[in-house]
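Before I ask anything, here is the structure I am working with.
Here the chain labels run A, B and C in written order, and each chain numbers its own residues starting at 1.
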Amino acid sequence: MHLKLLLGLTAALFVTGLYAVAASRRPGCSRTVYGTALAVCCLALLVALGHLAGATAATLTLPLGLPWLGAHFRLDALAAFFLVVVNLGGAVASLFALGYGQHEHAPERVLPFFPAFLAGMNLVLLADDAYAFLFSWEFMSLTSWALVMAHHHEPANVRAGYLYLVMACFGTLALLLAFGLLAGPNGGYDFATIRAGTVTPGFAALALVLALLGAGSKAGLVPLHVWLPLAHPAAPSHVSALMSGVMTKVAVYGFIRIVFDLLGEPVWWWGGVVLALGGITAVLGVLYALMQHDLKRLLAYHTVENIGIIFIGLGLALAFQANHLNAAAALALTAALFHVLNHSLFKSLLFLGTGAVLTATGERDMERLGGLIHPMPWTALAFLIGAAAISALPPLNGFVSEWLTFQAILVSPELPQWLLKFLVPAVGAALALSAALAATCFVKAFGITFLGRPRTPAAAEARETDRYSLAALFTLAALCLLAGILPGLVVDGLAPVISLLNDGTRLMAQNSQPWFTLVPVAEVKSTYNGLLVLLFMAFSGTVAAGLIHRLASDAVRRGAAWDCGYPDPSPATQYTAGSFAQPIRRVFGSVVFQARERVTMPPPGDLRPARLEVELCDPVWDYGYAPIVAAVTAVSTRFNYLQFLTIRRYLSLVFGALVFLLLVLALWR
Amino acid sequence: MALITDYLVQGCQMLLVLLLAPLLTGWVRRLKAQLLRRRGPSLLQPYRDLFKLLHKEVVLADSASWLFRVAPYLIFAALWVAASLVPTFASGLRFSWTADLIAIVALLGSARFFLALAGLDVGTSFGGIGASREMMIASLAEPAMLMIVFTLSLLAGTTELSAVAQFMQTAEVGLRVSLGLALIALVMVAIAENARIPVDNPATHLELTMVHEAMVLEYSGRHLAMIELGAFLKLLLYLSLLGCIFAPWGMATAGAGLVAYLGGLAVYLVKLAVGGLLLALFESVVAKMRVFRVDQFLGAALMLGLLGTLLLFVSRSH
Amino acid sequence: MHGLAFDIAHLLAGGMVVVSFLMLYQDRVYALLNVFAVHALVLALAVGWQAYIQGAHHLYVTAGIALVFKAIIIPTALHRMVQRLDIHRTLEVVGGVGLDMLAGTALVALAILVMLPVTAAADALAREDLAFALAVVLLGLLLMVTRHNAISLVVGFMSLENGLVLAAAGARGMPLAVEISVAFSVLIALIVIGVFLFRIRERFDSVDMQALDAFREERRQ
């Protein structure tokens, strides 16, 4: 029943997309499309929550697609959880776009593809055979590519779209090969057959690597992340929120479905590989983010870091499952899936906030903003809550998933393999480092954009955004707070997913704990209570403020800034994004990015300005992709002469190919 | 009845840390002065300073926002809650299970987050200096602290601070190398987080050498009083942490009775006095490092913490 | 677990690893020499403690040699050498101190990875002491490799030898004759290096490795 409803709602999204193709030039079409998308996503969200609350898996086969295969669909706990994430993100983005979409100057390039994108993502989660999965995956990639190319007059967007297309094709190819390996020589492509069958260990390892390449490139694992910081910012802001907050989660779903569900019994070194990749991704992602001064690129690189954190949890879970430590695997899986939910919440919030800033000022570059907290106080408050949540500050939700991941790391001395014993503490240190650097990154992002004094007239003349955008922002902010103070509810909601992936072992029920405390493992006695921390802090703060205002002084006077007695009226003297990141650039960047600063000072008396130039080089691009691109270009240049042959030469080519094939045919027998 | 007593004891601990924090700073300042052969201010001078600041008018810059006004209370609240959760005279109090070591570290991180934002709020260059340097120090000090937390939790089997403190009092701990590494690393992190020499000079008047002071340059009146009190609480928190983990003798357990509590309180005051003396001695002997040597200092703390964790991971051999 | 005696031995061995790290952290020559003296002092304490709990009295002699020669005489001699040769007082580290310490941690992990599985039959604390001794040796080599200064070469070499002595003391091992011959060969090596440094200084006016490299012959094409 739930499954049929969801398929029907997906069809409704397709129809909306088709309607938008026809009617996008009409005024009010934008409102209609986004309103319908909002309603459909809310309905789908409720249906998915209903299924998660306690229903068994349902399957359905429709006579679409390949004639001998059909299209299989399945709704189980894992799909239901990811449907909740996708549709929540879709609903909030649609709500935001009800206000934001009014500013779109090329609606015919955005409106048809937005509902189609949502439909594609929903279909990926419901697919139960390889063909339906890959078809929906490609459909999702193509619609998002169309949305990335919506503002195609800017050459940067064109380059971003091209790179995105190449990486998406590469990813789909890897997944195709993975499914081919899993289906085996009999060609049983539906997931039920794959689950029931067995794969040789060599092929299983190869399938894992291909799944990492395919799903990892879509999610943004280093070194396959290069398209993400170019493509995510190029799309309109509500689409960026969907791509970063939701599409990357669909990629994580693909990985979990293949590795945890279809591959069968894991081997210990699979966990090690995933763990190591996750750790490297987390640290590199946040270091890249710290070097950026474009808000959207900073957020996109930060998505890379959070994907790294999710894969650290998944790697730990694989390692535990390989050693039959199912209770610990439940903890690690809960941490990873909780972070999936959290990241979709706060990353969408931050991208939508950036969209609001972009509409209000026309600028994305932090170095041209500043002081926005005065004209846009509500947007600033929502962005602050998002920044605090992503920096893992209690009592918000980012802290809970980080806490659970640390608890999973603290149970890992049980792992017997020596390499894992060395890898896990190193990854733990990398995780701690990336969490601290994330806080720095968001002090920079919020501080330079919203605080201080406006650096350009565009920033000085900003206005607060419309009420739809604010409603969307505050819905997400409220959800961040709720997930932080009632984490037991989320953990209990995740329980059916965990038992599905973990042979029935799950964490103990949290709803029986006093005061909504989170107690993941009873024997370990580690507990956390977000609600009480919030209450304590609120109590201390208000009591202190109240007592002081009553008993001491509450006088306030406005004046010029002190600034050690030399206040400078020019806002150019305050810190910029580059100067805020300078200590980090010097400490970490000089090693990772070979960051060099060059100062050219003109001699005294010369009226030219002094220049400070910062040079960074991207190690992944320079050592990974540039050689490949150079090789491909060299090979294709060598073969270019084939374009300019005479007619006689072409005919002899055809003749030679025919003779060769006949020879092969003769010798084969 | 027992419930009411428990809540009362927890409330007493919260008040105790609040009242003792300025006294500890006064003690450290007086000792430093006497080591330099000066008389030094009275032990109660920090209380007088706070009283004076609380009754003064606040002068806000024109470009300051609501965040600037709210931040001191947020910072104070986070630091007070964190300091109340560290066992002082007794362990296992009523609310000790709400937040474990990782949560305490994260609460300190929240305080620092809002302090850095307040530094950036007015839009002056000195606030930016303080905020960016503070976040650089934090980006290495927080992972080092988390590695220390991992080392302690792997030994005690839990991350909850009261349980760790009670474990340290039992005999099964022994003299472990990982504990020694954790002690050295925790001292280094404590010096960095409390803005003490050699990382930062709390008594400097030169803005280019400031880290913590530069962020609060624009604060005045009751806001400044809240932030100063928060800094005092942070110092008390770190000394209590060092005391309850590495010198846990004499701490009472919850429900042990008034005599045990008073004995625990006396021992705690002695520990604070000794800790303050060692801090004053260390600060008077060592010179301040230049800013880009601090990351090597904290990097060493991180490596020591990582080594401690690594040793515990590999010694659980099967 | 084990008694307090073994715990103290373990702690002293771990202390030597920490002091080796401290040597990697130093960026001034005189500070490096002082830390090297502390290194030798901790070695003397560790060997002396091993002598006490094993009842092996010849180890007291080893501890005495470590204390007198390596903690007092050699650092003073090197101090005078630095003053006479007017060697550059700050140490430049190849790649930066941060990377150096990261490499040091990786080397300690490598030492543990190598030693612990190999000595699976032995007593747990003895295995970890051997792993620490190997770590001290590797850290001494790292010190030699990552600095441009000649004095750090000498100090690294000495700390390497300290690690070997620690390993031998812990493993109920080296007879006194071997110990004395090893110590004498190190002393001879030190004297020879010192003589060479003076001669190089006279010829080229500098003992900086990078500057000396410029005087080498051109590489054959």
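As a convention for this text, a contact is a pair of C-beta atoms (placed from the backbone, for glycine too) under 8 Å apart; a residue touches a chain by one contact, two chains touch by 3 or more.
Just so we're clear, the structure is a prediction, and the values are computed from it rather than from any experiment.
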{"item": "Pair of chains joined by the greatest number of C-beta pairs in contact", "value": "A-B"}
{"item": "Most widely separated chain from chain C, with each centre as the mean of CA atoms", "value": "A"}
{"item": "Middle chain, criterion being Cα centroid separation", "value": "A"}
{"item": "Inter-chain centre distance, chain A versus chain C - centres from mean C-alpha coordinates, in Å", "value": "49"}
{"item": "Whole-Å gap between the CA centroids of chain A and chain B", "value": "35"}
{"item": "Sequence positions of chain B contacting 2 or more other chains", "value": "295, 306, 310, 314"}
{"item": "Sites on chain C at which at least two other chains make contact", "value": "98, 109"}
{"item": "For chain A, residues contacting two or more additional chains", "value": "418, 422, 587"}
{"item": "Contacting residues of chain B [partner chain A, same complex]", "value": "54-67, 73-74, 76-78, 80-81, 84, 95, 97-100, 102-103, 106-107, 109-110, 112-113, 116-117, 120-129, 131-133, 135-136, 138-143, 146-147, 150, 153-154, 157-160, 163, 207, 217-218, 221-222, 226, 291-292, 295, 302, 305-306, 309-310, 312-314, 316, 318"}
{"item": "Interfacial residue positions of chain A with respect to chain C in the complex", "value": "418, 422, 587, 590-591"}
{"item": "Interface residues, chain C side, partner chain B - complex", "value": "1-2, 4, 7-8, 10-11, 13-15, 17-18, 21, 25, 97-98, 101-102, 104-105, 108-109, 112, 116, 124, 128"}
{"item": "Partner chain A, residues of chain C touching it in the complex", "value": "96, 98-99, 109, 113, 117"}
{"item": "Touching residues (chain side chain B, partner chain C) in the complex", "value": "172, 174-177, 180-181, 184, 295-296, 299-300, 303-304, 306-307, 310-311, 314-315, 317"}
